[in-house]
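By written order: A, B, C and D. Residues from 1 in each chain.
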Amino acid sequence: MESMPLVSRAHKPEDTVVQVGQVKIGGTQPVLIAGPCSVEDGQQIMEIAAQIKDCAHILRGGAFKPRTSPYSFQGLGEEGLRLLAEARRRFGLPVVTEVLSEEEVELVAAYADLIQIGARNMQNYALLKKVGAQGKPVLLKRGFAATIEELLLSAEYILASGNGQVVLCERGIRTFGSATRFTLDLGAVPLLRELTHLPVIVDPSHAAGRWNLVGPLAKAALAAGAQGVMVEVHSRPQEALSDGPQALKPERFKSLAAQLTALAQFLQVTGGKADG
Amino acid sequence: MESMPLVSRAHKPEDTVVQVGQVKIGGTQPVLIAGPCSVEDGQQIMEIAAQIKDCAHILRGGAFKPRTSPYSFQGLGEEGLRLLAEARRRFGLPVVTEVLSEEEVELVAAYADLIQIGARNMQNYALLKKVGAQGKPVLLKRGFAATIEELLLSAEYILASGNGQVVLCERGIRTFGSATRFTLDLGAVPLLRELTHLPVIVDPSHAAGRWNLVGPLAKAALAAGAQGVMVEVHSRPQEALSDGPQALKPERFKSLAAQLTALAQFLQVTGGKADG
Amino acid sequence: MESMPLVSRAHKPEDTVVQVGQVKIGGTQPVLIAGPCSVEDGQQIMEIAAQIKDCAHILRGGAFKPRTSPYSFQGLGEEGLRLLAEARRRFGLPVVTEVLSEEEVELVAAYADLIQIGARNMQNYALLKKVGAQGKPVLLKRGFAATIEELLLSAEYILASGNGQVVLCERGIRTFGSATRFTLDLGAVPLLRELTHLPVIVDPSHAAGRWNLVGPLAKAALAAGAQGVMVEVHSRPQEALSDGPQALKPERFKSLAAQLTALAQFLQVTGGKADG
Amino acid sequence: MESMPLVSRAHKPEDTVVQVGQVKIGGTQPVLIAGPCSVEDGQQIMEIAAQIKDCAHILRGGAFKPRTSPYSFQGLGEEGLRLLAEARRRFGLPVVTEVLSEEEVELVAAYADLIQIGARNMQNYALLKKVGAQGKPVLLKRGFAATIEELLLSAEYILASGNGQVVLCERGIRTFGSATRFTLDLGAVPLLRELTHLPVIVDPSHAAGRWNLVGPLAKAALAAGAQGVMVEVHSRPQEALSDGPQALKPERFKSLAAQLTALAQFLQVTGGKADG
């Protein structure tokens, strides 16, 4: 591996805990991040936030959306950010949202508690440097064809730019398989935990692409040692403007959250997140 | 998907339970299969079997080995089968071992309780028909570039040849990633559970290629809904004739087996192997 | 790379020429192999053979077919072999056909001039040893997830079993891409030419999966240094029992064959099959 | 496929010709782009430009380099752009160079004749919109895990932003194979030629990762229908600050350029770039 002094566990043996509002990622409790793929309008985001506020720790929702086609819904932009802030005020959950453009880093940082760099931008080095030069914590998603080493080196860009508050997120890689949207690489979780002190979470929703696989994969993620999961939740998945098929309905998410919380406690008691 | 009347859950809603000696695969308890990659000599296999007999349900060990190079150790052949039978007699564990050749199906069936078709032979249709025409249950490993549909259709070959006792095994697929030996595709587990009534187990050892990732992936497999795991165990991994780096030492396996058993009980109580 | 003394160019610097009937593979002229995916009946194979006899060097046609589903057409078996032999007698072309089973090696060898090991059986070591122990030349297709090293080691199995008459065939690998059936890996061609003395040919039909890409890829194969191409041809592709969409009609193949022959001459004159 | 009205050949049947200085990409002659991976200093770029000026049409050289590690050489920045402009003035070749940041688009556009979007930024939509909103032509490289559809939709972003002068570049995809750096997907060439009116070129250097495979793959690219190739050339590859192993020495490039020019003429005469 190439030199990565700032992210390497060899250089900092103890786990880094990233503080997002009142929530700690990388501490003793796994963090549950939930919410819709996109913020679509005020009613949608408030309704979802209201339903998940007691079982999720952080609210997710896209305001700037990276869409494959220029003709797909591109997100509400700053209006989406304002709605997320309003949801935070009303329901007490810190918010995570994605930034797509160097020119919008300041804007997004003004609203978000945790700034997401999406999979497609994992090697957008100009953007990595920008989010590294501001003060909000960063959620860095693994590119869908990025190696573990490349993910760590992209995190190193952020740390080298001055920001040590970085959370890594495995979200599935592109393989020959088409039965799921991506192939969730859970071997990456214990491997990353070994190589870096940064917290590691998992997004089972994008990997699965189908809501009914999200629960089993979320549990598997915790069992593999992940320190949190990020799950897409939508009140009316069939009407979602993006990624509806992979969204859980709120009541399903509540049930899953209870199972995940119990599983995390069990795993902590029986020890051995990462030992063989 | 192509038509697969015999393996499809649509045609047989209830889970199939495969009986291997006194052990049931696909029942209420997850099955732990353990042992060395290869049977190397009598002392080795007896020593390992003695150490795992109280925490594993089935003993694994290769007598005929599919090796990439013709100059690598090819296994002990029939002598290896005899040693497995001797270990079964002494320690009370049924045995699983791989068959490589149509001409050796009868021979392997005479000794083994469960006959393995390895990943490289998943689409060796002549061999599938042969094992389908004999009476011992079959462990069919997914080819490392096989789709879910192809795996199910290979199982369909065995059932269509007359043998309904088939266990499927996810063992990692080949992707661009090289940090692990293969990429374990745990999304395949709930998907297979949905599509077929056949039991589904996971081999985390070949996927990881490194012993210290085996534990986290084995737990993740159960959390994803797998009905068993197959783990490589060796008393002296550094001296193993094949796949030493991915083998657990017996004492580590014992600790893992205890954790897996507790995890399985927890998952059963909290419900939801496969629901979201 | 692992040791592969028999196939390595380091151990035998000069090109091996494989003799198939009156045809030399690996000599100064590129070899054109053409014919249907499957032998379907006498009329079909005679009609195709009649149309390509003046522009192809070897006739291909499957008698034993490796089909993903047990319910798909499995080939005519020995009747297919007899029809190939009849086509050879009538049109003067040597024939290549696939063997699927160890137990049919002798049978196939009794009819074929060149015995094909298909992609799915590239690591069926029992079959490799069998074809290595008989005297007919062997066409070894690369597995769709096999590395270059694994392909060469599978060839080494055949040579180590006593048969030095082996032709390698690149036919596309499985990747995330789905716009073509497989991804033709033409970088493998100059690489194999560097590493081994065995002849290297390319099958653009299976890689493309669409007839209109076959021509450009066949030319690209020769330009990359391939010593032949194998192309699927069918008189009525829309009625073919297998792989119709990728088959060229005979008149298109004739036109392509003329272009390939001219291209090969041009490349030979301007030199530099493999130099930079 | 998703709707892509601007790039689709269905909507504009005739080939688009992109004008870069005095050079036409997509016209009757294939375009040869050559030069070092990075502009390292004045002597280096002038020396290389002097040697290739008579056989290449466009000079390439990176001023802003997308490097996996933040500690690797990041390019000379604006000084590199000035040196490229100086080389253009002295040797009469238009220049292509990569832009990494939205904030540097104007700067790069002030110097470059053709602005490159690299593989890692193919889905950096903010950057695509920026280069779409300025007037210089754009070279869009395929992401190493991007589908054909995604490549075309990224081009659609540029056209939809107002810039119709886009050249597409296949440069290898990431697969399980590690014998070459990437797997060059030449099937993409005739497929893209069918789907879009935009010109299509190939970069064999990054795909191969080894200089001795560049020649065969460059020829194969033209034979597959590519309208140009982009090749890395360095006077002292062993001293290159980036990608030395895949760079051709100038004299080797001269020889290759002569072969490619002759091949292109041959292919034009014998017809059939894309017919079967």
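Everything that follows uses one rule, which is that a residue touches a chain if its C-beta (ideal position, glycine included) is under 8 Å from a C-beta of that chain, and two chains touch if they have at least 3 such contacts.
On a predicted model such as this, the values are computed, not experimentally measured, just so you know.
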item	value
Interface numbering overlap (same over half, different under half) for chain B and chain C	same
Where chain C and chain D are represented by their mean Cα positions, the distance between them in whole Å	34
Distance between chain centroids, defined by C-alpha means - chain B, chain C (Å)	34
Where chain B and chain D are represented by their mean Cα positions, the distance between them in whole Å	48
Shared-contact residues (touching 2 or more other chains) in chain B	145, 149, 174-176, 178
Contact graph of the chains (line, ring, star, complete, other)	complete
Of all residues in chain D, those that touch chain B in their complex	145, 174-176, 178
Chain D residues touching chain A - in the complex, by the definition given at the top	2-4, 66-71, 100-104, 120-121, 123-127, 143-145, 149-150, 153, 156-157, 160, 174
Parts of chain A lying in touch with chain B, wherever the complex brings them together	145, 147-149, 173, 175-180, 183-191, 194, 207-208, 211-217, 219-225, 248, 252, 255-256, 259, 262-263, 266-267, 270-276
